[in-house]
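There are two complexes below, and they share chain A, which is joined by chain B in the first and by chain C in the second.
This part shows the complex of A and B:
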C-alpha cells in the first residue's frame, strides 16, 4: 500500500500542532524576560527580574503548595477510582451498566457546574452542614467552603469519572483466577487485593496518577470556587498576575518555571518506573 | 500423600445443576482423571475441592479431616488453573516462590526450593525471565512448579494442556505422569480428552451432567463400561440391542449364539457392546445368516451386511457396514488380509470374551 498520502497528512497535522504549541511557548519564554510596565503590557528589555521574584519566597511557597496539593489530589483520585471500580466489577451486569452511565454523565458536566453544585452542597443554608445540624450531629453548622477540603473534593470530582472510566474495562475484565490462585497459595482473601491485584495494576495506576497530576495542575475553576486564596494553586496565581495585575512578564516567568518543574517531575517518574519494570 | 473422600456433593447455579450427588474416594497417591464433555461440572468439582466454591450440600474429607470449614488459603491444595493464572508482574522464580513467601519460609530455603522446582520442571536457567516472555509449554511448567512448591496435599489440574499442540501435549503428559509418581502426590487431572485420560490416569472418573457415570481404571472403563453413555463416550463402540430368550442371543433376525457359549446368564432385552478392533470381517459364505457358524467354535460370522464406506487410517482400514438395510452403521477395523471394497457383502464375527453386556439395562 502506498503510504505517501497518509504520511503527508499525518506530518501536516503534527506540524500544525507543533507550530500552535511552540509559537505561543516561544512567545511566553521571550515575554518572561521583559520588564513589566503598568502602562503598556511590558517593556521589551532583557531582565532576570521576573525570575528573581520567583525565588523571593512567596512564589516558591505557592509552587511547593501547588505541587503537593496536586499530587495529593491525583493520588486520591486514582486510589478512589481504583477501589470503586474493584467494587463495581463485583456487581451484577445491570448495576455495572448503571454506574458506568452515572460516571459518563458526571463526565459530561463542566468544571463550573461541578464546582457550583459542591458550593451549594457545602454551604451553610443548604446541603451537608444543614443536614448534619438537623440530625443533631453539629450544634452550630457553618459553611464548609471555601476551604482546602472543599477544594480537594472539587479536584477529586473532576478526575474521578475519567480515571474510573479508563480503569473500568481493565478491572472488570481482569483474570480473576489469578486472585484465586493466590488464595490456593495461602493468601487470605482480604489480602489478595493488596498482594496481587494492586501490584498487577501498579504500572497503570502510576501512569494514571502522573496524568492526573498534570491535569490537576492546570485546573483553574475549582481552587477559585471552593478554595481560599491561601489554597490557590500556581495556575490561579499565574492568571491572577497575567490578567488581574496585567503583569504578563511575571505570569510568563511563573508559567515557564512550572513547565520546567512539571517536565522534570514527569521525566524522573518515567525513568523510575522504567527501571522498576526492567 | 493424602486420601480425599467426597460424599454426596451437590451444586447448583440458579437452575443449572452443576454437580448431582457426587461421591468418590480417592486413595493416597492416586492419579485421577476427571473426564467429561464441556459443561458437565469438572471445573466446579475441582473448585469445590480447592475451596474456591461452596457446595450446596455434601462433605469433603481430607485424611479424615473435614474441609467444609477450612478456607481455601488454609487447605494447602495446589491447583493449576485452566487459564494458568500466573502472576504477570512477577518473574518465573518469584511466581514459584510466591506460596513459600506467603508461608513465611526464609529466603535461603525458598531459594533452594525454587531451584529444585525449576530443575524438576525442566526450567533451569529460566528463573529471572518474565512470565509474559515464555512459550505456552514453559508457562505450563511454571504453573505446575508454583502449585507444587508448597508440597500440597492434593494436586489439581484443570485441562492444563488443552491449548497446546499434540506433540508438546504428549511430552508434557509424560513429564507430569513421571513427576506425579516421583512425588507421590494425590492428583486430580481434569480433561475432556479421553486419550489424555487413558494415558495418565490410575483411575478415570467419567462425569456426565454433574453425575459420576463410572469410576474405574482405563482398562475397566474401556472394556466394561457401566452405562450406554460411557460405552459411547470412550472410544469407538458398536452397540447392539439384543434379546436373550431360551438360551439364545438374538439381534434382529440373527441368532448370535447360545448364551452358554457366550457365557452370560442375562435374560430379556440387553445392550451388547463390541469394540471395532475385536471384530473380524469374513467372506459372507461363511455365515448361515440365522445360526452361528459351527465349523470353528465361535469364530464364524454372526451377522452379515454390505460395506458402505471405507476409510484408511494408517495401517488400519475402517469400514462402515450396513446390516440388512437397517439403521445400524458400524465402524469396523479390518485386521486381517481379507480384502473388501465398498458394495461387497461381508460377514462379521468377534471374540465373545471381548464383548460386553451393559449392566442394569434389562427390561
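This part shows the complex of A and C:
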C-alpha cells in the first residue's frame, strides 16, 4: 500500500503543532533572558536580571503563596469530586446523564461567567449576605468578596467539573465485587468506602491532585475577580507584567519558572505511575 | 457513598453549582439599573440592550466566528493525527499524538503568554486569525482524545474486507472510516466551539485590545463598573452552552462517549 500520503499528512500535522505550540514556548524562554525596555517590548541583549528579580523576595513570596493556594484548591477539588462521583455512580442512568450534563456545562462555561455569578451571589445587594440580613441572621450584611474564601470557591468550582468528569468512567465502571464482599461480611458502608474503595482509587486520586494543581496554577480570572490583591497568584503577576507594565521579559521569566514547576510535577506524577505499573 | 446521605450531599452540591446562575438570571430580568436580587420589577430591557446595541452584537459575532474557525482547525488537525496514527502506527505518529496532549497539561497562562509573544514577533498581534489559530491548536487535545475512541471502535475485518475488495485508501476513508467516526467528529467540534466561545485568557493576551470577544467584554465590564447587561450576557452564555451540550446528548450516547460502559 502506498504510504506516501499519510506520511506527508503526519509530517504536516507535526509541523503545525511545532510552529504554533512549541516555538512560542521556546521563544518565551528566549525573551525571559532579554533586557526589559519600557519604550519597546524588550531589548535583545542577554541578561540574568529577570531571574535575579525573582529571587529578590517579592516574587518569591508570591510564588510560595501561589503554591500553597493551588495545593489547597487541588486537594479540596479531588475530595469533593471523588465523594460526589461515588454518590452519582449509585444513581439511575437518567440521573447520571443529568449530572454529566450539569458538569459538562460547568466545565465549558467561561471562568468569567462563573466568577461573575459568584461575585453576584456573594455581593451585598443581591446575594447570600442580603438573604442572611433579611432573615435576621446578620445585622450588618457586607459583601463576602473579595476574599480568600471567595477565590477558593471560584477555583474549586473550576476544577470540580473537570475532575468529576475524568473520574466518572472509572468510578461508574468499577468492579464492585470486593466492596460487596466486605459488606456481606458485615462491614459498615462508610467503612467499606474508607478501607476498600478509597485504597483502590488512591493512585488515581494522587495523580488527579497533581493534574489539578497544574491546572489551577494557571487560573487568572478567579483570583482577580474574587480575591484581594494580597491573594493574587503568579498568573495575575505574569499577565500584569505582560499587559500592564509592559515588562515582557520579567513576565516571561515568571512564566518559565511556572513551566519548570509544572515540569517537575508532571515528572513526579509520571514516576508515580511507572512505579504503579512496575 | 449511598442512601440518603449521598442524595443530600449531591443536592447541596447541585445547589452550589446552580444557585449563582439563578441569582444572575434574576438580576438579568430585573428592571432596576443596579444589581439587585430578588428583582423588584421585571423587565427584559437588558436583553433588549444586549441584542440591539452594536458593540454587544459585534462581540457576540466575533466570538462565534472565532469559535467556529477554531473548531474547524482543531477537529481537522485531530482527525489527521488520528488517521495517520491508525494507518502507520509508527513511533513518530505516536509522538505527534502525545505532543497534541501537551496543551492541556500546561497552565493556560503559559500558553497565552507564549502565543502573545509569538504573534507579536510574527506581526499578527491583534489579528483575529491569530486568536483562531491559537485556540484551534490549544484545544486540539479534546477532539484528539475523542476521535481516537472512534478509531478504536473501527473493526479490522471491515477495513480488511474493503481493502480486499479493492477499495483505494481514499475510498476506504470516505466510505468506511468517515461514516463511523462522524459522531466523534461532531462531538469534538461542538466541544471545541463551546470552549473557544467561552475562553478569556488566551484571546485577551493575543488580541484583546483589538478583538473584543464576548468574555473579554464581560470581564472588562465587570472590572470597570457594571450594569445588569452583563447579567443578561452571562445568561446568554449559559443558555447557548447548555443548549449545545443538550444537542450533543440527544444525538450521541454521551455517557458511552465519555467512557462509561454501554447500557445493558
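Note that the second predicted complex is superposed on the first by the 248 of 278 C-alpha atoms of A that agree within 3 Å, B and C clash if a C-alpha of one lies under 4 Å from a C-alpha of the other, contacts with A are read in each partner's own complex, and residues count from 1 in each chain.
Criterion: a contact is a pair of C-beta atoms (placed from the backbone, for glycine too) under 8 Å apart; a residue touches a chain by one contact, two chains touch by 3 or more.
Source: prediction; values computed, not measured.
Undergrad: Taking the superposition on A as described, I'd like to know which of chain B and chain C A:189 touches: first, second, both or neither.
TA: both
Undergrad: Who wins on chain A residues touched, chain B or chain C?
TA: Of chain B and chain C, more residues of chain A lie in contact with C.
Undergrad: Report for A:229: first if it touches chain B alone, second if chain C alone, otherwise both or neither.
TA: The answer is neither, since A:229 touches no partner chain.
Undergrad: If you stack the two complexes on chain A, which partner ends up touching A:199: first (chain B), second (chain C), both, or neither?
TA: After superposition on chain A, A:199 lies in contact with chain B alone.
Undergrad: Is A:175 touching the first partner chain B, the second partner chain C, both, or neither of them?
TA: A:175: touches chain B, not chain C.
Undergrad: Enumerate the residues of chain A that count as touching chain B in its complex and touching chain C in the other.
TA: Common interface on chain A, chain B vs chain C: 189.
Undergrad: Taking the complex as given, what residues does chain B use to touch chain A?
TA: Touch residues, chain B against chain A: 50-52, 71-79, 81-83, 85-89, 98-99, 102-103, 146-147, 149-150.
Undergrad: So in the complex, which bits of chain A are touching chain C?
TA: Where chain A meets chain C, its residues are 1-3, 5-7, 9-10, 12-14, 16-18, 20-25, 27-28, 31, 41, 80, 83-84, 86-88, 90-91, 93, 96-97, 99-102, 104-106, 108-121, 123, 125-127, 130, 157, 165, 168-169, 172-173, 189, 193, 211, 214-215, 217-221, 224-225, 234-235, 238-239, 242-243, 248, 251-252, 255, 258-259, 262, 266.
Undergrad: Mind listing the chain C positions that touch chain A in their complex?
TA: Touch residues, chain C against chain A: 1-3, 6-7, 9-10, 13-14, 17-21, 23-24, 26-27, 34-37, 77, 80-81, 83-84, 87-88, 90, 92-93, 95-96, 99-100, 102-103, 105-118, 120-121, 133-134, 137-138, 140, 163, 169, 191, 194-195, 198-201, 204-205, 208, 215, 218-219, 222-223, 230-231, 234, 237-238, 241-242, 245-246, 249, 254-255, 258-261, 263.
Undergrad: Mind pulling up the chain A residues that touch chain B in the complex?
TA: Touch residues, chain A against chain B: 175, 177-178, 180-189, 195-196, 199-200, 202.
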